[in-house]
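Should a chain be cited, it is by its letter among A, B, C and D, assigned in written order, with residues numbered from 1 in that chain.
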Amino acid sequence: MKAFELRGFGLESLVLTERPEPVPGPFETVVRMRAASLNYRDLVLIQGTYDPKLRLPLVPLSDGAGEVVAVGPGVTRVKPGDRVVLSYVQDWVTGEPEPSLVTRRLGGPLDGVLAEYVKVPEHGLVRAPAHLSDVEAATLPIAAVTAWHALFEVGRVRPGDTVLVEGTGGVSLFALQLARLAGARVLVTSGSDEKLARAKALGASAGINYRKTPEWDEAVLSLTGGRGVDHVVEVAGGPNLSRALRAVRMGGEVTVVGFLEEMRAELELLQAIRRHVTVRAVSVGSRASFEHLVRALEVHEVHPVVDRVFPFADARAALGYLASGQHFGKVALAFPR
Amino acid sequence: MKAFELRGFGLESLVLTERPEPVPGPFETVVRMRAASLNYRDLVLIQGTYDPKLRLPLVPLSDGAGEVVAVGPGVTRVKPGDRVVLSYVQDWVTGEPEPSLVTRRLGGPLDGVLAEYVKVPEHGLVRAPAHLSDVEAATLPIAAVTAWHALFEVGRVRPGDTVLVEGTGGVSLFALQLARLAGARVLVTSGSDEKLARAKALGASAGINYRKTPEWDEAVLSLTGGRGVDHVVEVAGGPNLSRALRAVRMGGEVTVVGFLEEMRAELELLQAIRRHVTVRAVSVGSRASFEHLVRALEVHEVHPVVDRVFPFADARAALGYLASGQHFGKVALAFPR
Amino acid sequence: MKAFELRGFGLESLVLTERPEPVPGPFETVVRMRAASLNYRDLVLIQGTYDPKLRLPLVPLSDGAGEVVAVGPGVTRVKPGDRVVLSYVQDWVTGEPEPSLVTRRLGGPLDGVLAEYVKVPEHGLVRAPAHLSDVEAATLPIAAVTAWHALFEVGRVRPGDTVLVEGTGGVSLFALQLARLAGARVLVTSGSDEKLARAKALGASAGINYRKTPEWDEAVLSLTGGRGVDHVVEVAGGPNLSRALRAVRMGGEVTVVGFLEEMRAELELLQAIRRHVTVRAVSVGSRASFEHLVRALEVHEVHPVVDRVFPFADARAALGYLASGQHFGKVALAFPR
Amino acid sequence: MKAFELRGFGLESLVLTERPEPVPGPFETVVRMRAASLNYRDLVLIQGTYDPKLRLPLVPLSDGAGEVVAVGPGVTRVKPGDRVVLSYVQDWVTGEPEPSLVTRRLGGPLDGVLAEYVKVPEHGLVRAPAHLSDVEAATLPIAAVTAWHALFEVGRVRPGDTVLVEGTGGVSLFALQLARLAGARVLVTSGSDEKLARAKALGASAGINYRKTPEWDEAVLSLTGGRGVDHVVEVAGGPNLSRALRAVRMGGEVTVVGFLEEMRAELELLQAIRRHVTVRAVSVGSRASFEHLVRALEVHEVHPVVDRVFPFADARAALGYLASGQHFGKVALAFPR
């Protein structure tokens, strides 16, 4: 079968190659991949900054959807022909994260989905939402599950709450769509008026251009009558976290799901203590969260925002496009049929 | 001022009379009532079955909205001219219920809102939602706050959940509307196909006529693919609770908010234990819940379902109409201007 | 190997027999049993009242401890020589219970531990607490995990709380010991003054003999200054639940873990609603709860209360002794070495 | 009556003066102070760094205990002769903090307890624990309530958990004592071996001298078998927070209750995200938490650690002693009788 292998760090070391087709062992399945989507993690992993000790060669990419084509002995959860999405953190089935449950991740350290066939244990699969295309389904595993986990597992967004979403990347747009489903009012920040306009079209109540309004926390306070928002989905890091702390209400929560700008952040303690703020750092979620998300998307027939779809063979171009930061929503790959 | 007094048990003992206008003391306010709404509690209280030792005479009715017309020394939360709703459990401002916080209730043991002017401490008031009429605002204090408390304080309804709402009384219809705001799918039971049709028009996904389908729990299971619902809002009591337990998913919750049919209920323990079911009995909620509810209604411009509005002078007729069980939504009173 | 088989319902149908020694497949282990303990569930299951459709023959008993003697391919969690306890609900590793996770239970429908060797997947094992004997470790899987789950997973017992424990059976004594570890004050009910004295020796603050004080709920209220207890561990069923509801404080919780007297219970709704009471039915807990329990027992070097130990060959006598209700704490079996 | 007034910033501006004795208005009480205790907040407030805009003159100190000597109209919670402790955040009775509930704080902006008589509303009082002296009771309002809130309101410490307590100041020692009550294992850091020995005498399992072991997070990991602690009570700020994040287990919590060293702290985001860490900043707690704490202390007859008691007249010397950092536990003042 065809597969892309990362043989060294850097996009130029990602090469198309031939690998043997996988055969399922007990409790295992083989999925014929139909689509994949890209995450910021894929970029930094390929660049070597995510984990310099990563064992290579590796088939990259974490997010994928396809069709079960073979099952090993003992498999009962799925059968050949089922449309499925792969769960990024393969063994985190339910409950709280534990080191032993979060080790086996697709796209590093495990081989990922940038291959025609992928072998995973049956417990690592989720039924694809019936109303979504393969490409749409492939956008869910990291970005949508992270947004769900932030808002509804560690967070508790309720109708009438105000949620602040930073930026318009994959997690952020899912957070916007899901917070709206839950009855919240959503504010969005971005450095582009055009992206803010698109976020409003998706249901955001207001947008703040942080280039034009660097003190965006004050804009948030004035949009909330001085009260602050109930929940912030934080993606940037650096001094941005301090602004997020000032934008949240007393007793509110900031969930950190990424670090697009800096890998460190600064906390003003007196500010945080006086206002009883909680900062939660989270990474994706369990298969149970993924399944809950699927039910929510199906009930409301919500479609993910797909920015652009590249063919499988153009994986490198797709990754370069993601790195350019021009996208609004998810960048995806469609596999040959 | 004019007021209705309950001078003995029974609707015939509810008489229109004159009382002195109240004067606010320190931290107190006087509200000119504009509208009231009726609850099942008002009926059983007037009949004497709610509390046979209730001290009479009493001005009945718990739910009312109006305008602040006078404030005593020290009042800072409101000012004359403010449109307000009265909080039924006057001292339960926030947090968990405690005996000392839930004693002072409007419409028994405290005098209620069936009077032209009502005196309450400033902490017992909530700002009326801007988009609601006085009559609409007056429907909120018991029914909507109970539904909010059940679904979002003790419960944790999330997008994609399925909520079963029993009947189409006041609490039930608010539960339907609020569960929809939160992204849930809602199933409704009723003994009337016409009421089920109206519930569907409000957003219910399916209705079950328990007269035609006495084993309504089986219908619920088949509507949820055998999984059961995540949450039941229980209003009936008696053998109905056992059905509710069978209709809920493993680990699900049944919140008991009333007892329209029987004051006792039966629990099948093996069934409950095997399926890890929680039964919560709740009564209304705090002022903080009420304020959260107001934010939710405002963000989505949701209007309560008002079945019929009677003039103040026809309070007895309105109570008789409520007793007949013909209503769909709230029965209200409009006060003379 | 030697094993007891249940070939029909009734204690007389439990016969000692020979079975082939199990061989571990992939991810499986074989445990040489050293000890077992008995639960009320074993009794009603053998009598046929727990599940009349149970498939026979069956090796009964759910609770056992022993030593890993063989592991199949892929096993990493344990190795031969490890002292282990078997987890009763084999697949419930962590998080909330789900139907697919709670089906495979030892001692019915799966073969149980009343055999010299037992084969289980590696994920169904828990490390035995270092300070406990095999017999002591074998008392934990159902009774102690249930008590833990009731008090610390669904419940939230905190220092200074008052916990009411009904009776002095296995779950109840673990609940007493664990609630004490958590800094709670514990009240105990029993029909025997002698058992109450022993419960006090274990740390209970007060005991109530329900034969001498049938209105034991009033005794509880007077022992708590009229406030009621924070948490009740309910084991009886029937009208007892209504008493438990009256003994709990406003906003308190009753956790139902058994039904020693009746399989139905009655709920007084007005009482429950006015006092915001939660009734939770639970069954055992996850492996993560079991592991948390082990840490707690080890930190405090707590030993379970073992009433009497019978030899393996006298399993029927041991079950008969449990049925007599004379025991205080767990009844256990020691296996031949 | 005698009172100390802060007339400008700096300890030298704290002067003993005469003020009129307060008279209780409606719902108010007057307390004859018997003892007070000092907090780090008092120091930075007097120095002017806590709030440079603080309105002066001010009677400082937040923590005090005494006897009710007069009550105004409407008071029902207390009566003259009652031994009471004053609640620092006067209006935060229960539930979550809200800006309107946390404004009125004793010892700034409200006049504090460094006076012979203090007037407070009845809702701002808590019954003093029966087994504590006045001086002991006076140590509770800030330090013990903060520790309670961190461990048991926002935190959920359970038996068998490991709690890391930084330092041996007031909050830290209460956290140590309370975590022990709850069945946790406690690790303590300090820069003094003598203080570590005293912490062990109070129940700590192990102590780490951060002067000798600057990488104290690695010592914590080795003391927990590599797992990390469940909960950290953080008091220092600065780079210390990053160490705390590395010392906590996956999914664990760091509660920030102070900033003894720096008012900013640094968060390593990748570290935090991969390990799902929560950082909560909290400030004291509600009266309901205070009352829960009192029940816990009474059940176990726990006594606070009082380092040294100065006479009322030597308040300045006492504050100087606190500033020296020599203390272990609380520094208190005894008032003239």
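Here is the rule we go by: contacts are C-beta pairs under 8 Å (C-beta built on N, C-alpha and C of every residue); 3 or more make two chains touch, one makes a residue touch a chain.
Only a predicted model underlies this, so the values are computations on that prediction, with no experimental measurement involved.
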{"item": "Contact-richer chain pair [A-D vs A-B]", "value": "A-D"}
{"item": "Whole-Å gap separating chain A and chain B, where each centre is the average of the chain's CA atoms", "value": "40"}
{"item": "Shared-contact residues (touching 2 or more other chains) in chain D", "value": "96, 98"}
{"item": "Chain-level touch network, classified as line, ring, star, complete or other", "value": "complete"}
{"item": "Residues of chain B defined as touching chain C within the complex", "value": "96-99, 102, 154, 237, 241, 250-251, 256-259, 262-270, 272-283"}
{"item": "Touching residues on chain C, where the partner in the complex is chain A", "value": "25-27, 93-96, 98, 101, 286, 288"}
{"item": "Touching residues on chain B, where the partner in the complex is chain A", "value": "152, 156, 158-161, 178, 181-185, 292-300"}
